Amino acid sequence: MTPTAPNKTAIVLIDCPDRKGIVAVVSDFLLRHNANILHADQHQDADLGLFLTRIEWDLSGFDLDAKGFAGKFAPIARRFEMHWRLEFSEVRPRMAIFVSHYDHCLADLLYRRESGELHCEIPLVISNHSDAQRLAEFHRVPFHHIPTGSVSKQNVERKQVALLREHSIGLVVLARYMQILSPQFVRRYPQRIINVHHSFLPAFSGARPYHRAFERGVKLIGATSHYVTEKLDEGPIIEQDVVRISHRDQLQDLIQKGRDIEKAVLSRAVRWHIEHRILVYAKKTVVFD
Amino acid sequence: MTPTAPNKTAIVLIDCPDRKGIVAVVSDFLLRHNANILHADQHQDADLGLFLTRIEWDLSGFDLDAKGFAGKFAPIARRFEMHWRLEFSEVRPRMAIFVSHYDHCLADLLYRRESGELHCEIPLVISNHSDAQRLAEFHRVPFHHIPTGSVSKQNVERKQVALLREHSIGLVVLARYMQILSPQFVRRYPQRIINVHHSFLPAFSGARPYHRAFERGVKLIGATSHYVTEKLDEGPIIEQDVVRISHRDQLQDLIQKGRDIEKAVLSRAVRWHIEHRILVYAKKTVVFD
Amino acid sequence: MTPTAPNKTAIVLIDCPDRKGIVAVVSDFLLRHNANILHADQHQDADLGLFLTRIEWDLSGFDLDAKGFAGKFAPIARRFEMHWRLEFSEVRPRMAIFVSHYDHCLADLLYRRESGELHCEIPLVISNHSDAQRLAEFHRVPFHHIPTGSVSKQNVERKQVALLREHSIGLVVLARYMQILSPQFVRRYPQRIINVHHSFLPAFSGARPYHRAFERGVKLIGATSHYVTEKLDEGPIIEQDVVRISHRDQLQDLIQKGRDIEKAVLSRAVRWHIEHRILVYAKKTVVFD
Amino acid sequence: MTPTAPNKTAIVLIDCPDRKGIVAVVSDFLLRHNANILHADQHQDADLGLFLTRIEWDLSGFDLDAKGFAGKFAPIARRFEMHWRLEFSEVRPRMAIFVSHYDHCLADLLYRRESGELHCEIPLVISNHSDAQRLAEFHRVPFHHIPTGSVSKQNVERKQVALLREHSIGLVVLARYMQILSPQFVRRYPQRIINVHHSFLPAFSGARPYHRAFERGVKLIGATSHYVTEKLDEGPIIEQDVVRISHRDQLQDLIQKGRDIEKAVLSRAVRWHIEHRILVYAKKTVVFD
């Protein structure tokens, strides 16, 4: 199945103090450079006095390249104290997947990439076990086995980071990777590490969430995808979902039903990230649809 | 419970052929008249080459009234061949509710108005039965009993329309009103009559949808709110929802579980309508959130 | 709307150590007394070695009354070390509703009783405020205002308990009652007080759950109905549900969207309780459907 | 991941006219042969006067084999005019998967088999295209390419049936197989062919359901798994699910979002079938959980 090639587009993501005239000035700027706006979405946080926007336009006819944009847009950005970044749809984000024993999220992500749903490159899979090697290779993704047992976390992460750099990785996806990353690692990839936690956070953060959900007798179980920060399971939440369970469901049933929502929330988060739909502020995410 | 008074705002809804510069020109216009934009959302239909937008701004500081806006905005509207309308949040839409025997949607709407969730006036309830009188009066809404049995539809509708006119009604909500309105009636209120149908349209359009869902053995039942057009159950869909059923559910259970989704889809449709969030085109709705 | 009168039925709820032959012996007993079984459901907890069942039968032709059943069933109950109780569908449970300012759950329960969905008596509503009086009286339910401000909890509860006794109340429903009941009160009504908490427990137990959900940036908000025990928000969960929110939803939107799931989870819990569908064990509930 | 081996169990599925004493007699029979019942569920259809049950017991200690059961159970079955069948959990159903171009359901089923969620054998995949060959072989399932273009349906089905027989296939799963099976084929496998249709049946039965859903402007799209009968898309429904869409979703988005619910409803149907949880009557299914 070959999806139709999407148009080449540019996307600008902006956040700044909320003031009158931002939309008018930015849209006038884009018009003067002959942009054909395809999508525009904005959000104001009244409490924090913050304005956030995502604008996507067709590049055909647009008369600026990345460098030209930066130069011409600079005065506007200064005037409104903007944080901004420019992205291009034809630049496919480069993503590494970390995995341990459970490979359902890995299999799901690799399939979605292959079916054209995820527009990204996956130059490597890294695992502390070798189980997933055959799966990665079926999808023609190089597999790197970096065991964690007898070596220091520092050594392990040194190897991992070397690989990520070598392959110019911009996004690290923890697809049920059961090791905790060091603060040093996390700091290298701010808002660029996505994890899936197998509970409805903040409920059951930490270890063995399905066991604890089972013991507590909840009637729904959940999964959460979030950006990784130095505080375990406390990063900005990107997506959550739940599935109904009943007294008939044993622990094994929770684990199995949970797999489907883990796949769902992780793949949506990855998709939104690589489509440049997510802005983080105040420890929360805005997901522009 | 008194909800905090919302700011006084204006809302403009626009649809027009999609061309470059619409956003820039409109936002520049609003800026020049000192509008503080609170929400802006837009939608393009690539196939039809259509641009639709909803913009809401704070009126404090805005230097045009309705008449002034119309005059100043006219050149822009002409240039871009716009359909547009301007609404003010402090003008509370005036809504009539039609009901027959089943009063759960009526009770739900009256409660939501009273709790401040629906910002509208409800000057009257019209019914072909007298069952709902006590409920309407509890909520201090005048109740009009217009029987349908022995008189012609024409006569009935003449009385109804007279009441609607007398009370300057802008929206008619059919809250399980079990009579079919004549084309003449429908034409008087284009996109201003909202009905709830107790199925997941287009499945089970027409009569006795729960009975037919039960016979077919579906695993979910649904409800649909839509604008009424001359073709029964074929108007633009505003909202739909479903609820899971199983073989344990008998027909009575379907009817009862259905009530909750009927209330949900109807009240959301009414809310979106009175908040001026809905644009209709190509027999579909855009609901700006 | 008058629902068709259901058959007169009896329901037995049993829990006991799991052993072979329980079903055979109980169903043989019922057959010998000419019971026509309408529903039978069972659950085994393999870890705890526990057997739980709910059996409902048509009383027409059944040759035992409550006293006769107790006498004849006693040997079986002793042999299998059963806890059991017998209920009759024509005995309508007597339920008191406690409420504070927010009256949406109260309105919902009163409506569902009146529409025939909840087969119970509601002899009284108790509130620490007077807001709900008009609503209760519209539904012809006596309203008792017992203020909590200047008097001791002990005094307040003494009055409440006196009323509950006077009216032979078997179930207390806390429909957003914002006072914490004393352990003494709770102990009087084991597994007979149902509360609704406005979060997806165990997330956001305690005060101001919507505020904390908003701050944390969750993507779904929830509500939980549970039996009240001496530990706040830790009683056996009966039902939970969630609704999706987005960054567009402000705190007020969370509170409003939450109302609908609060109504849903509380009314389902009440219904299951009064239909004798719930068994509690190991701090969890089994809900027989 | 190796799931723990489940106990060896037997399952009996019974339907018969509803009469007093069925449960007592069957459970007494099982007790006398030393069965330890693990699950028992039943359903009565009051309108049709029908009793249906599924009972599962641990085989350790049970003193009958299949032949012995048939002999001893015959008098009971005759007395109550039962249809019944006996299944053993250690006999893994043998399932063939038919697929065309879209391979997402195939990939999902193969993964779920491999992860231990589906306890079945998949001795072959049959396709009218060769696209899925690599995927099937990765999962070590023989792939048979039987083109449909230039040959008669009769010839194609002759080859298919020969393969099904050769491999003793008991269940045929149409995983987005885009050919219509002949009535002759369907009659060979009554209630043993499961199809997934990419709409919420009965809405959008027939061709191009996503296109028609898009044109109609529905707010939810669905998928349905059902047993195949001679009437297209009218067989007994096993499972349905929906996903929310909005005006932002284009046709391609519907197709992509639909894939996830197609996988969900098909895999659940397959699972319930191979766990012997489904009984068909009156063109509906009972799914015992």
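Think of it as A, B, C and D in the order they're written, each chain with its own count starting at 1.
In this section, contacts are C-beta pairs under 8 Å (C-beta built on N, C-alpha and C of every residue); 3 or more make two chains touch, one makes a residue touch a chain.
Keep in mind it's a predicted model, so treat the numbers as computed, not measured.
Which chain is most remote from chain C in terms of Cα centres?
A
State the pair with the higher C-beta contact count; candidates are B-C and A-C.
Here the pair linked by more C-beta pairs in contact is A-C.
What is the distance in Å between the mean C-alpha positions of chain B and chain C?
The computed centroid separation for chain B versus chain C comes out at 36 Å.
Any idea how many Å lie between the Cα centroids of chain A and chain C?
Once rounded, the distance between the two centres reads 42 Å.
Please set out, as single numbers or ranges, the residues of chain D touching at least two other chains.
Residues 246, 248 of chain D touch two or more partner chains.
Flag every residue of chain A that touches chain B in the complex, lowest number first.
So the residues of chain A in touch with chain B come to 20-21, 23-24, 27-28, 30-31, 34-42, 44.
Please give the residue numbers of chain C that touch chain A in the complex, ascending.
Residues 43, 46, 200-204, 216-220, 222, 236-242, 246-248, 250, 282-287 of chain C touch chain A in their complex.
Considering the complex alone, what residue numbers of chain C touch chain B?
Chain C residues touching chain B: 1, 3-4, 101-102, 104, 107, 111, 115, 117, 134, 138, 246, 248, 252, 256, 259-260, 264, 289.
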